[in-house]
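Down below is the structure, laid out as structure tokens.
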């Protein structure tokens, strides 16, 4: 059989070291995620919500997560989020060294993805903003890149918001990937996409649901560099560290709450009386005697 | 093989008693459902429909149901709704004692989930409402928590509305979980999510489709406790008992209508003449002679 | 094994005659379809597009079709549409006698479903319309029930519109159910739902995409009976027969166009050279020599 | 066994030559795509965004792609886009001769599909536009058919926009169809649909995401012929060649970037230590020793 160009190129480019491979995947996946995601937000803000409305921010980020997770699903697993990587470490599914590698390449990928998105909407940005780059306030446009909470939202609530939002992300990631829940792996990324959309519909009002330290921090640095300046960090009493830190705590707490309340309680196999009764129904796993 | 942290923790936290396990799951699932769902409604109302519009209330609750049902699918079954639990009892799939346990923990979970959602939007609530907590009327905000029908909707129609809305929920739950309809169980929760969205698009105008006694009652109690007061119950001639009672009747009537009209009529196996003809088509199950 | 209440009731209610069973299913499925669908339109019109917007009309009808088709998928096949039934007759998948039975019960089901929806929004209708029931014109509300074309849309275009809209419905129904396209049957109804939504986004502007003789005619009769009167039929130069007749022609023409252009050309089995090459790729079925 | 009408007709219409068959499919699929897609845009523009809003343009085109790809999935593969066909050539999955055949029939199909859509909205077009056909400017309606960039978007950015938009399309087509990513083929078209929607939410603001030379060029020719004239080509310094040329470069570059960063790095089979550990989890493919 003659080899296709793909198989020939595979032999050239294939890398054996799985750590390098996984880092490449997390880098590439997070780059794509931010390239697309920041473009969605630019289309939302720069069109003054005439093209994208809030639902497209929700669904758009959701479909993006779906596709970027598919992309990395067979190599790094497609975390694309430092909080998710640390959570998997606490579950024993990622070595600690990899958590640090992953966080580094996720943040780097997020930065470069943001830069790409910026170039794509350069003309539109110039058309709408002119030369003005103000981070916050009535004419502030820092939200083109990252979260900038309204003055009436305290940093305490901001921390709670990111704890909760990232918590739900991590919790349902554990549900979906739990072998005992038994969802075919080809459906995981689709459900993650709808999960991201749901979080934006429920927990988007306080901060715009960053729920990902790399997604919030890297574009913040980029914005500071292109003219928004130090205010990207000093704003709201140095709020910027909250969406970096809170997600880690939220992800770990919520993931373990799932396992304690539900995950650890799922029987390893359905009890035999359930199998006998296949056509009858959908009975929940109780002792047969309870049904008498 | 070395055990992962998860497997070690499983041995510590695993509970043998299935009744306790199922109650824990229903409690946890309904808590998550209301935590997310009440947050969706707060984002809708507090942003004056600038962030969430009605479609996000529909899809957001739908995706939430999807994820919460997945969460409990292998333990309690993920009813998350007293009317659904009673309906399953009438089908012989849940012991009567469990109906009472489930209703208790569902209501408790709904209450605590509401309280969590309230804390998340505390600053936003204060910003929009100040210190005013009025249940109904032009400045009423009781709908942040529960259903408050417009004056021109009678309690008779309200009862019919909840009978119908919960009826469709129960009916299609029976369709989707019917072994003879043969939908893979990993798709059930996704379809339930779209079902919830559909109900909000068709039966949301009268009352905002509570279709779940726990979802309506628990947040009503919570709202009464945080300052909305007795009017949460006395409003609209003591309307509050309607979304508690009507769903039970609707769920049972509609579920059985499905089985009588369709479910009982599905043949146990496709007749043999259908199997012979695999590549030809999608023929409906008729007697072969009819096709002559 | 003790029998569940469901299995006991099954023995009582089970009907042997498949023709009766299939007619019951088509009746029940179309009743549900119109009950939900007409409610969606009422919520859209009576809220002056404040609750439902056009996308909810699209997605709502789509999810409704999905669920109603699932309901009838193992008995009648879930046509729920006279044009689809006739189309299946021309493909040899439904006996002619059944086409007549199906059309009768579909129309009857659609009528009763409309009546149910009407009762649900009785208070809202009275609140918005008072006692005025005008079929067409600036204050016309006949569109609560059925299609009423704007004056600037000619009946010729109306015919073409229904030919095309129902044509696309039938065409893609043939694609999805084609055994050679090989889509798992549990996904069919989901895809039909998205198909209906798509038709509303592409072909909804002229007439509001009835694309179903029973869905258009039965509510028209109902509206005429509750006070809209004869104008429901005489309007627009007796337009009413167009969405009855055109769908039959469109469905048959489009279905056969699919088979001639594509369906008949699908090879019965993938050629062997494709199977050898599984990991390499997604090659289209060409002669191997073409690839040299 | 008696043959159905379908099987009889199959024997008459079946064509043996796979090149002819594949060209017929690409022609038919692209015709359907543009018939539906141009209708979506007409409904959006002619209703002044009262019926379709931007999200329906996104989802509508997405669902259309889904259905048209399903239609051609077992014959030509359902490229429906010259840039995708050329990309598959560079991957060794389509002979070069076929690229030219495909581009020809895709463009022809796109032209005829546009003409069909035009007839469907003839009355609406006349009602809204009267006899005025102006390609660009404040009263320009060339966007009913094809992309017409705003004056403040430079042709350089336009090229980059089409490079990127088509690039993401091609990249994720490679992900989804990669055998090593292992997504069941019956889900491919659904994911492509969501992919198209995502591109419209992220990369729709500059040009309206044509991302398909046939989709942009054929309607442009049609518009020029029905009265919009030469300005369809001369506008914006002969912009029209950009959405023809840029997609080819973007598709090839992005597809190969996927393979280099991720695709070539996916191991042929999951390593054995992953298989041992099925119930434990979702571990990423690392060396076992790393987990110590």
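Order as written gives the chain letters A, B, C and D; numbering starts at 1 within each chain.
Heads up, the rule we're going with is that contacts are C-beta pairs under 8 Å (C-beta built on N, C-alpha and C of every residue); 3 or more make two chains touch, one makes a residue touch a chain.
Because the structure is predicted, anything quoted here is derived from the model rather than measured.
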The angle in degrees, nearest 5, through which chain B must rotate for its Cα atoms to match chain C is 90
If I list every residue number at the interface of chain C and chain D, are over half of them used by both copies, so same, or under half, so different?
different
Separation of chain A from chain D, taking each centre as the mean of its C-alpha atoms, in whole Å
27
Distance between chain A and chain C based on Cα centroids, please, to the nearest Å.
38
Indicate the residues of chain D shared as contacts by at least two other chains.
4, 6, 53, 55, 91-93, 180, 280-281, 291
Complex interface listing, chain A residues touching chain D:
4-6, 9-10, 13-15, 18-19, 21-22, 24-25, 27-29, 32, 35-37, 39-40, 42-43, 46-47, 50-53, 55-57, 59-60, 63-64, 66-67, 70-77, 88, 91-95, 97-98, 116, 119-124, 126-127, 177, 179-180, 185-186, 190, 193, 268
Chain C residues touching chain D - in the complex, by the definition given at the top
53-55, 58, 90-93, 152-154, 157, 160-161, 164, 168, 171-172, 175-176, 180-184, 187, 191, 194-195, 197-198, 201-206, 256-267, 278-287, 290-291
